[in-house]
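Some structures to go through are shown next.
Here chain A shows up in two complexes: once beside chain B, once beside chain C.
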Partner chain A sequence: MAHQVNNPRYGFLIDASYCIDCRSCMVACSVENEVPMDSTRIWIKETGITGKYPDLKRFTAPFHCMHCKDPSCVSACTVSALTRSEDGIVNYDQDLCIGCRYCIYACPFGVPNYEWDEPLPLVVKCDMCYARLAEGQQPACAATCPTGAIQFGKYEDMLAEAHRKISEQPDKYVQHVYGEEENGGTATLYISPVPFEELGFPIAGETSPAYSNRLVTEGTPMVAGMMLVGLSGAYLTIKHIKEEAAREREEAEKEKLAQAAVEEN
Partner chain B sequence: MLQKLLHELRTMPKFLYVTAALTLLGLSVGLYRMIVGLGPTTNLSKAFPWGVWISFDLATVALSGGAFTLAALVYVLQFEDLHSATRPTVLAGLLGYSSVMVILLFDLGRWDRFYNVFLHPNVSSALLEVSWCITAYSLILIYELSPVLLEKTRFKWLLPTIKKYTVPIVIIGVTLSTMHQSSLGTMFIIMSPRLHPLWSSMLLPVFFLVSSLASGISLVIAGASVSYWLFGHSLKIKTMAKLSWFIPWLLAFYVVIKFGELVITGEWDLLFSSGGYSLLFWGEIIFGALIPIGMFAFRQVRFSRVASLIGALFVMGGVILNRFDVTWFSIAPVQGETYTPHWMEIAILVGVAAGLVTVYSLVARYLPVYEETDTFKRNTPLPRPLEEAPAAGD
Partner chain C sequence: MSNEFSRRNFLQLGAVTAGALAVGQMLPPAVARAAEAAGMLNSSGDGYVPSMCEMCVWRCGLLARVKDGRVVKLEGNPEHPHSRGHLCVRGQSGLFNTYDPDRVLNPLIRVGKRGEGRFRKASWDEALDYTASRMLQIKETYGPEAMVFSSTHNLSQVQFENLLYAFGSPNYGTQRSLCFNAMIVANMMTYGMEEPERIYDEDLQYIILTGRNLMEAISTSETGELSAAIGRGVKVIYLDPRFTKTAAKATEWLPIKPGTDLAFHLALLHVIIGEGLYNHRFVDSYTVGFDELAAEVEQYTPEWAAPLTEIDADTIRRIAREFAAAAPHALAHNGWRTSNFINSFQTQRAITILNALVGNWNVTMRAAGGEGSSALGSIPQPPYPRISAQRLDHVPARFPVVPLKLGVFQELRDSILTGDPYQAHGWFISRQNPVMSLPDRAKTLQAFEMMDFIVTVDIIANDTAWFSDVILPEASYLERYDPLLPVGDRAYLRQPVIEPQGEAKSALWIYKQLGERLGLGDYFQYEDEEDYINQQLAPLGVTVDDIRSKGYVDLPPGEEIGFEWNTPSGKIELFSDTLARVGFSGVPVWDAPPEPPEGQFYLLTGKVGQATQFGTQNNQMLHKYADEPRLWFNDTVAEDRGLADGDWVEVISEVGKAHIRLRVTPAIRPDCVYLTPGYGHLSKGLTTAFGLGASDSALHVTYTDPISGSQALSQTFVTVRKV
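Showing the complex of A and B:
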């Protein structure tokens, strides 16, 4: 079945070389969404300290929902609490969620988190600050970032900017835009001076598992229909064969009786 | 009346007191978990949002597969001599599914709105398919079991009507089972980035379906053997032998597609190079498939209660290990973070499993589960307590 996968309208471009680990983005997210600092929807990934004194290095990058073009979480969600809007924002409807936590497992980027300490918990996930977007403002993290590590804009512009940056400074950046192909493409794009695995980014395939999942789940009703027909057919056929066999046996017996009667006479 | 009840309680097999106590304990812990949430009562985390509960659910559903396997053999393919095995199996299946649903309710973060599964479905979710099929199938199991419940009541007049529609209902039930047994495997396709490649596969739904057929039949055989020693009535050895005849064929098919898939995807070198994962994989294959294939291939084994029980336990053990592998052991840790269950998670599980045993024993004791015309009775029946002289104090 056809499943529309369009480019998102908006995108992030996050440049790991600009991030100074100030965590303003986390504060902004905490304020915007009125959540405590330990359950923000954005957090910092880092390489840890590398190299030898005095030549020490440490790279960091903010990480939040990638807003995939074909999100695994949306495909997994039992109750369609997770949806992808036409703008390409992966949204969470907290009134529908039943807390099965399939999305947390399905996400290849390890994004959705859970309010583990609440009696009736919800999933914690970036919604691209769509309320701010509607008012013409940037998402809180992008608006706050003091170094410009988090850029926000039209997806095509962000993609072009990413490629411009890495091709203009090939010595500085790894020649890869993380998110362009990962998991079938995402609205959040990264460029980095160190390999992405060192930053702790998962190595995701180029197609979303959501696609393989749909191949199976959407074929299921057809298989079920075929099974119903097949089983009914098998039942009727076997019943018929058994009845035929029984009738033949009966007739044979009758004949035998008749013959015996003839012989007696 | 009270005297009679007390008497009944006194003559119960003693293990039922233990299982009843465990059930109560487990359910109280479950109640506590519902009040305080998942954080304080489980070791689940962002890296491991599903734990031993899901492993238990998958193993239980696989073992309960006996109910639909047998229904298909008896009603659709019309192996009428297997008929006497259906009642105990359907009962075991229904109780298995019920315990899965109880555990799922404890597992859901928002158990207070589980009904959204029916109001707001997402059809591309394998988990949705599983929950719908399990619900519908449980209703069908109740229908299949209803003659046992109604036989000795004044609703006896319903029996002919129930019987009339049994075949179409069974056909729907077999279809629903096939769908959710395989969908449980489908659920892990989307999690492929986390699953070890030895288990991650597009064929997971087929693996799950075939193994549930084998483990379901094994459960019937094991259950019949146990009830032979425990309650004094069971299936004829001929019926059991006829059932276990299917096991080596199913398992051989399973082994062939499992290795076939690994060869085709070029992952067969992982069979020896994955350390603990390789061991788990070979454990499944050798103990859960190869040994039982070897055993049940012999007529002597199929016609021996003890040997059949041992073979069946191998198959069940293998399938349980497989479900635990897929849901837990083969899942890659995130930055070194692994999962071991909290004691409360275990307590709830033990409670629900004990409840299953309790209810099964009680139903088998008081309702005509094993009492169809062609069931086999042990030569020396256990003394029926109520037929003895009245207990002291009467």
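Showing the complex of A and C:
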């Protein structure tokens, strides 16, 4: 049962060398998506001011959902409130969310935000403005970025552009496209003049925790599943377990019915 | 007025509108009907309406998404050269100005003491009758000159000026002397135009930015152009005592000593002339006064400038050579509000001359027209009454080269306080906040106390409205028309996207109503806002309904301006006879700026990306994403003085005090502090902004550049002590 991970249809290419920390993307996102006033779907990651006066540097980059090819949050969500669409958009359905916050712990990028102050709190995260995409518009952040730091387009084009830029200006950019491999690959790609850890980007492995979760859950479904539920580790994929279990039950039920039918005949 | 703003009431944004519509349903919803007829909105009232932003004076084109009679999102209009599909952080936040719960939605008449903030609602008839009667009383008793009129750069300003000239007062306060008088007067003396346009083409190689913090003082298209240039590898030299967000993007940041930009540029001129690096053919053909300039700058060596600027001589010499080598694909940016010392006019002159010497005209700079267009029709006006009274800001008597339309606003108050040459009694203010914009706020409030009558037109109870006798509520930029604005070969339309909330009205309507009550109705020959625009459009054979859905009309192409300048000589004036004839130096000369006494600091100002002056701090969305206003303080100095990040300090200048928290940072020169501008509001009608930060206007001392009339905003020195 090999898990198929398709490339996303769309991708972001965010170039930290162009970000001026103006926060236009943050406001555009908040207005577009009616994000609660005490929350946000975009942050600015930054190096802070480094060096000693007067030899100073500062780099920033907007940071939002990476839209992983194999999203840890999706695998951690117990109620399928988080899903990955065929286009590769990691979506969130607030009507299904029960506010368990497993996704927050599961995401290696620290993306899902939480309405801590609300009585019925929900998760807040980027959905690539899919409503805008449906109307042929770019996501709000990319559309408004005054410096072109946030680009949006077909994933393959964004990836090619990232490599073109860093190879054409090797003195300017770190020779790494963040998101190409991180967490199994993401639709949001970054290039930067400074190492990504200096920008405060997490050092994510090349495979998603979702992958190891599945190894366990798909290998020894019932037993391991029960154990995992018992341990209730934050990274563990209860949703998958439940789905697998349901499917197994369903199949067992079907088999039983089929058996009964055979026996009846 | 509640200041709570969670998601739940985010969704209720525009509840005010809904209420207003409920009342207004007896009237036809004109805005929606017109938008639907033009095909912009569908029958359920959803769609996009093109208009123009007003979150700053760059005036980007926008597309407003409307849903159920509410604006829900603003987009940059790809059809406008200033936005090109993008909006800056302020533009994106614009609907929060319109839907600010603090909006004033009825005319208000003061009932308490001035500044107490007690007003009663009044009908438009009552408020306008009362305002007109007080203005007429002042006119009849003391003469029209006893009324001061002031307003900040906006599209309806032409009708504000109409009201002022028709009323017969010479006293006109604009924001320009607080902003860019030095730049504009220098350009006029050199090029005969207010501001040449800058060209960031693919060939551009080298830019010198003198305090022009374009990554925070954002003009969407120009910020984008600079950013793209940097991306292409254009070399950017950036002079600023602070490590701003522009410094972070520049090739070289030079933390120049405040007030010495002039010395730096004079030394560049010295090297370029001394080493023969200028464009001889261009200088010979298109400039006058080269010999006088060469003789003056001979003394200004890089070695002379080095100790003044604290930039070493080799660096200055290298930059001069690099700039000349890159020319004509080189640009010395004039800056904007570099008018920060009283020598800033000379700095601006030196920059304009630097560009001229290397012959970058029509390569990186070209002629730009003003905001008018001869292709548009104008509204007929009878001749204005002759004005014999002199101006209270002493233009032109003391400021002979300052245009009357610019004025020297900050100088008005001394005349008001002394009653010399005569006493002013009334102040009509529209879309302006002099309590926050003028230096020495205490003096402005004293001047207010001398007034028999103050009236303010604004969308919100800003600090000036708070101290006024009448507040006339204006419709926001998403709720009204303004006169057309030509940009390039098009004239753009600001049109209402939603109905005005409450009783708010457009400035065009307010000025006309007042004009009629003042007996000046003949000066306002338009029926309403649409008629005004139709009169503008008449020569083009179209009406406002024809251009609504595009949001602009094409103008017949203007004449290409080549190598001619509207100066007395018809050439670029390196030496200005106009300046020499009124007793100023015809070429730029060194003028040593004052320095802070021992133990004091230069108080710097400068923009942040998430605010426009002092007009947007109450915008809840901008407030959400803005940094806390603080006082920047050099980290090494802080350590010496035992001060830590977040400490509360008292900042004391010659004219005021302020309490503010420190931001300890390496990003500022040790002899400077920087205060986030525009905070420290006095109006309790600004429930988001009130109580935040400290006021730079309370600290700024009034220092006026004697040539251009610019307020020297960085010439205030302060002491800082822990509290």
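Assume the second predicted complex is superposed on the first by the 215 of 265 C-alpha atoms of A that agree within 3 Å, B and C clash if a C-alpha of one lies under 4 Å from a C-alpha of the other, contacts with A are read in each partner's own complex, and residues count from 1 in each chain.
Quick note on the criterion: a contact is a pair of C-beta atoms (placed from the backbone, for glycine too) under 8 Å apart; a residue touches a chain by one contact, two chains touch by 3 or more.
Since the model is a prediction, treat every value here as computed from it, not as a measurement.
When both complexes are overlaid on chain A, the residue A:Arg101 reaches chain B alone and has no touch with chain C. Once chain A of one complex is fitted onto chain A of the other, the partner contacts of A:Ala160 are absent, as it touches neither chain B nor chain C. By the document's definition of touching, of the two partners only chain C reaches A:Arg23; chain B does not.
With both structures placed on the common chain, the touch criterion links A:Ala131 to neither chain B nor chain C. In the superposition on chain A, contact of A:Asp117 is made with both chain B and chain C.
Legend: residue contacts after superposition of the two complexes on their common chain; A:Gly148 is shown touching chain C, with no touch to chain B. With both complexes placed on chain A, chain A has more residues touched by B than by the other of chain B and chain C. Once both structures are placed on chain A, chain A residues 117-118 are touched by chain B and, in the other complex, by chain C. The part of chain A that touches chain C in the complex is made up of residues 17-18, 20-24, 26-28, 30-32, 34-39, 49, 51-54, 56-59, 115, 117-118, 140, 143-148, 169.
For chain A in complex with chain B, the touching residues are 72, 74-81, 96-102, 104-106, 108, 110, 112-114, 116-122, 200, 202, 204-205, 209-210, 212-214, 216-218, 220, 223-224, 227-228, 231-232, 234-235, 238-239, 242.
Remark: chain B residues 35-40, 44-47, 49-50, 72, 75-78, 107-114, 116-117, 119-129, 131, 167-168, 171-172, 174-176, 178-179, 183, 186-187, 189-194, 202, 205, 334-335 touch chain A in the complex.
Taken in their complex, chain C has these residues touching chain A: 5-7, 10-11, 72-76, 85-89, 91-93, 95, 215-216, 218, 220, 223-224, 227-228, 231, 233, 243, 245, 247-249, 253, 255, 609-610, 620-622, 624-625, 634-636, 665-667, 669-670.
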